[in-house]
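Chain nomenclature is as follows: A, B, C and D, assigned in order of appearance, with residue numbering initiated at 1 for each chain independently.
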Amino acid sequence: MKLKRFKEIALDGVVRQNPTFKLVLGTCPTLGLTTAAISCLGMGAAVTFVLICSNVIISLLRNIIPDKVRIPSFIVIIATFVTLTRMVMEAYLPDLYSSLGIFLPLIVVNCIILGRAESFASHNPVGESALDGLFMGLGFTVAITLMGIVREFLGNASFMGIELWDKNVFSIGFFSTSAGAFLTYGLFIAGFTAIQNAIERKAQAKALKA
Amino acid sequence: MSGILSIIIAALFSQNFILVKFLGICPFLGVSKKVDSALGMGLAVTAVMVITCVVTYPIYTFILLPLGLEYMEILVFILVIAALVQMLEMLLKKFSPGLYSAMGVYLPLVTTNCAILGIAESVIAKATSAESAGFILKDGFFMQYSMGTAALAGLFYGLGFTLAIVLLAGIRQKVDKLNIAKPLRGFPITMIVACFMAMAFYVFTLIG
Amino acid sequence: MSKSSSFVTSLKTISVLLIICIVCGALLALCNDLFYIDEETKFNRAMQKVYPEFERDTSVSETPLAEFKDLAGAGSVSKVYRSKDGAYILEATGVGGYPDGSGTVTMYVVVGGETPNVEIKSVLITGNTKQSWIANITQKNIDKAYVGKNIKDVASLQMGNDYKWGGATMASTAIMNAIKSAVNYCVTALKLVSTPESEARDAAVALLEGYTLTTVVDDAYTTAVGANFYFTGTKDGADDVDVYVFGDKESGHQIVALKAGLTHADRMLDTAIVAKSEGIDNALVQSAQGLSHIESQIRALAPSFTYDVAGDLSQYATHSDFADTQITSAYVCNDGTLAIVAESTVGVFEDYTPGKLTMMVVIANGKISGFKVISYGGHSYFDGSIGNKNPQLYVGSAIDAIEYVKVSGATGSGVAYYNIIALSAYYARSISA
Amino acid sequence: MINLFLIGQPIQWGSFAIVVGIMAAVALVLGVCIMLISKLCFIKEDPRIKEVEGYLAGANCGACGYAGCADFAKALVEGNADLSACSVTSAHGKAEVSNILGMSITGQEPTVAVVSCAGGNKCRDKYAYQGYGDCVSQNMLAGGRKACDVGCMGSGTCVNACPYHAVEVEDGKAFVNTDLCKSCGLCIKACPKSLIKRVPVSAKYYVACSSQCRGKDVMNACQVGCIACGKCQRLCPNGAIILVNNVPVIDYSKCTNCGACAEGCPRKCIKLVHDEPKAK
């Protein structure tokens, strides 16, 4: 598999087609979980694991699954891996399991996984699908962890659970409410698109000059 | 009577699925460009939510629970829901093109919607005291579900969803016309609008 | 599409779906057994979040005993888990100061340690209703205030500012109430540690089988009779009982149980005694029985008092110009001084709930020589004047000319005081005439 | 079997069998139902919609404003949606879709949008507009503030509409940066005065005015408006430019980009298509 294709998938996954900021997919956990950065990391890891496995299996079966039952079979595969993660997490990481709570079963209906499964995995070979799953998952994890850190820092003055100073002394409670989540997410997307436009414009200016 | 009333008020306002419970945000942001598409989406979600409640509750309590197969809940639910939605779409396309043009098109989009599994999880919270259902379990009033109220709750949660998405679509149609700073266009401004809506709905959580 | 080929494709479709589902189902079933954790460890794990060394000991029943479950007005205990190392985790809910009793906080309180210093090991809030400001209270605040405290002195904790946190007073009261009800359960039901009160209660319960006792915290009674603790007991089928406990565990409890609700005279008779611990010295019984707390007040004011009921009360007990005021009992001492107990519910404003003011007036050789406020109900205005300022003004004035003295800020209670004093003066004039 | 996962219990073959049984039953029932219903309500449908949908991203994200990929595919095939609205589909996917529907798009030469008005600040205002920001609302107020009834108001509706930020407002009038323009047509739909037109990329000149008035009225409203003198029509060697009710229209199949009309035009309103925006 050529290095260029690898770079392309990697860049696509994390930066150019970042699922959370560019495609705005998988927003439910992004808004719901980012009050605590650790659960974001846990969620990111779970989503990445499920994404890689389901992409691999789906790209393996892509020619066998007839179109009529495409969505049900994809969903069954994804649900199996999610239940698997849930069992492993409940057995070995109980506190992460309880901090994710409702959002763990919701990975099944997470738009990223089904989106990537249908748009990428069902048209590309196994190797690329696995990579795409990995980098898309990475992009998702980086994005929500960044948001998690910011919201946790502003919301209840702690970083990854370690309390920096007494919450009542200084903390903007607004950021740990649901309204705060929307605002942070909006500003993050705005920042991301602004940076991306700037890069594009610089690249175009360079191209025009050359 | 007050039980049902409290469910209705909770479903529409104080436990609104999008603005308070954070479920079903993907279509909420994606499909709310125009009011009519938002309405179509809302109705589709309501229909599927009613199906989910009516289907998941008996499956869970009469099949999964007695056999001790709780861990199968996600797999069975999502499989059944996806299949039912696909059938519903085909039936609608055949027998009522009018209704189909209004909401049928959104049905495949609805199956990948967090709100569906969200309500399924909260309905089975009635059947078990499992911690796994997570934070939805904490509101006491979900506890007194019976078959009827489950469907009713599904209906009103769907209407709550529709309320939120149509509200946003109305505002968004206006807001997209304004010339706002370039990076803020599109999703960011929608987010900020949703932020204000969430603030408004936060008030209901205090009263509700 | 010809009939047969469409049948084949649909068969193929269904079979694919079937295989995928079966494989997934099988995989999940295997994994479920592989990663299976039984109910017990799951429960222990959940509890270890509250108390790290928790090992469930199911030999003890986990539903709390009914009669010790709730601490009146403060809260109640809903679950009691015992750990193998002797510590207890109690799930308690505290009432949060809302008048209608809503607004509660539920929490786990962990109590453990050897008998002399049994202390609160940790506290974790698990839920609340209508406490929207509870977020202001962080776990650090609660730990600093409650953890490590010996449960003996938790029961007597008063709501001070290191237990109340900014902007969440309701929640703070709810938390204190929850912890108090948990500790109360430990003391009374689990008998983890014995406070003087619990020792007295146990001795009394031993003497009066079948009675359920509730502690009465009313120092007016206990100090008057000179008892250490005063309980009221009830038992279905038998009438209520006043139980006085003298002395403490080291010197041995002397207990007297008298029928409750008797008139003054019948209390003197032996029939009033329901039970008393043997070898109790008769003076204690006498004092519990004979000396009602009013008499002790009179003795404090008129030392030369020998007990004798004054003249007939029926005529002069009330008077038209002193509304809602009447004399309940009157005593005369051998040197002629009069002790009159009267009560009044006068002085009604719009929002003032008319509490009953009971006061004793002492009249010696034609002048008001002293007074003692026995009890006042209802409104806090009495506090202002209870500092004896208001009635103090009448002391020394002659009984045939008592004028009303208006005290700003306490007009309502002022009228009540005036009525009682003037009525007593009228009574004294009329019986001496 | 030594238990390498430190927890768990021996495999319960009983519940294993039940699980497999249930899954088989559910799959069977659902599969059969889906097939039956799909047989029952088979509707003749343009096969290309399925094909196009195959190549779309399938994320059903709704960013294109349609309800989902199926809906977007149907609109694409019926021709009233444009591929650029979907930012999620990969380039490879878009290439596939365009060659399925190819003949309708790539058949002609790729085009670029231009704003056929040069007025802007050079065109007199009838009134000072205070109010809602964009041209659409301004246009409702007596046809906008410009003296010329088809003049560009420069309030940026097209700027907002363009997902590729190719349109800017300069010197009071909209200007298309042809390098960024993907000819997606969103600005054309957005402009209330429908001033924006598509010209082939190879074209060099375009008429920067659409006023249908005669000389004196145009001069009274705008300093750079076309007074329909017809000079360009006479100058053009191959008759590519003709006056249609006072507006010169270039027929790009005949036009050889010789530039005669541009030099001859007294009002200089035939401008370069690939002109550099002056602001840069």
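In this text, a residue touches a chain if its C-beta (ideal position, glycine included) is under 8 Å from a C-beta of that chain, and two chains touch if they have at least 3 such contacts.
Because the structure is a prediction, the values reported are computed rather than measured.
Ranked by how far their CA centres sit from the centre of chain A, the chains are topped by C.
Chain B has the Cα centre that lies closest to the mean of all protein Cα atoms in view. Interface comparison, B-D versus A-D: the higher number of contacting C-beta pairs is recorded for B-D.
In this assembly, the C-alpha centroid of chain A lies 31 Å from the C-alpha centroid of chain D.
With centres set at the average Cα position, the gap from chain A to chain C is 56 Å. The centroid of the Cα atoms in chain B and the matching centroid in chain C are 48 Å apart. Each of the following residues of chain A touches two or more other chains: 24-25, 68-69, 72, 76, 79-80, 83, 87, 90-91, 111, 114-115, 197.
Shown for chain C are the residues in touch with two or more other chains, namely 10, 13-14, 17, 20-21, 24-25, 28, 32, 34-35, 37. For chain D, residues that reach two or more other chains under the stated contact definition are 5, 7-8, 15, 19, 22-23, 26-27, 30-31, 34-35, 38, 60-61, 63, 165. Taken as a graph of touching chains, this assembly is complete, with every chain in contact with every other. By the touch criterion given at the top, residues 61, 64-66, 68-69, 72-73, 76-77, 79-80, 83-84, 87-88, 90-91, 94-95, 163, 166-168, 173 of chain A touch chain C in their complex.
Within the complex formed with chain A, the residues of chain C that make contact are 9-10, 12-14, 16-17, 20-21, 24, 27-28, 31-32, 34-35, 37, 45, 49, 135-136, 138, 140, 165-166.
Across the interface of their complex, chain D is touched by residues 26-27, 29-31, 33-34, 37, 40-41, 63, 67-69, 72, 75-76, 79-80, 83, 86-87, 90-91, 93-95, 105-106, 108-109, 112, 176-180, 182, 185 of chain B. Residues of chain A that touch chain D in their complex: 17, 22-25, 67-69, 72, 91, 111, 114-116, 118-120, 122-123, 197, 204, 208.
Listed in rising order, the residues of chain D touching chain C in the complex are 5, 7-12, 15-16, 19-20, 22-24, 26-28, 30-32, 34-35, 39.
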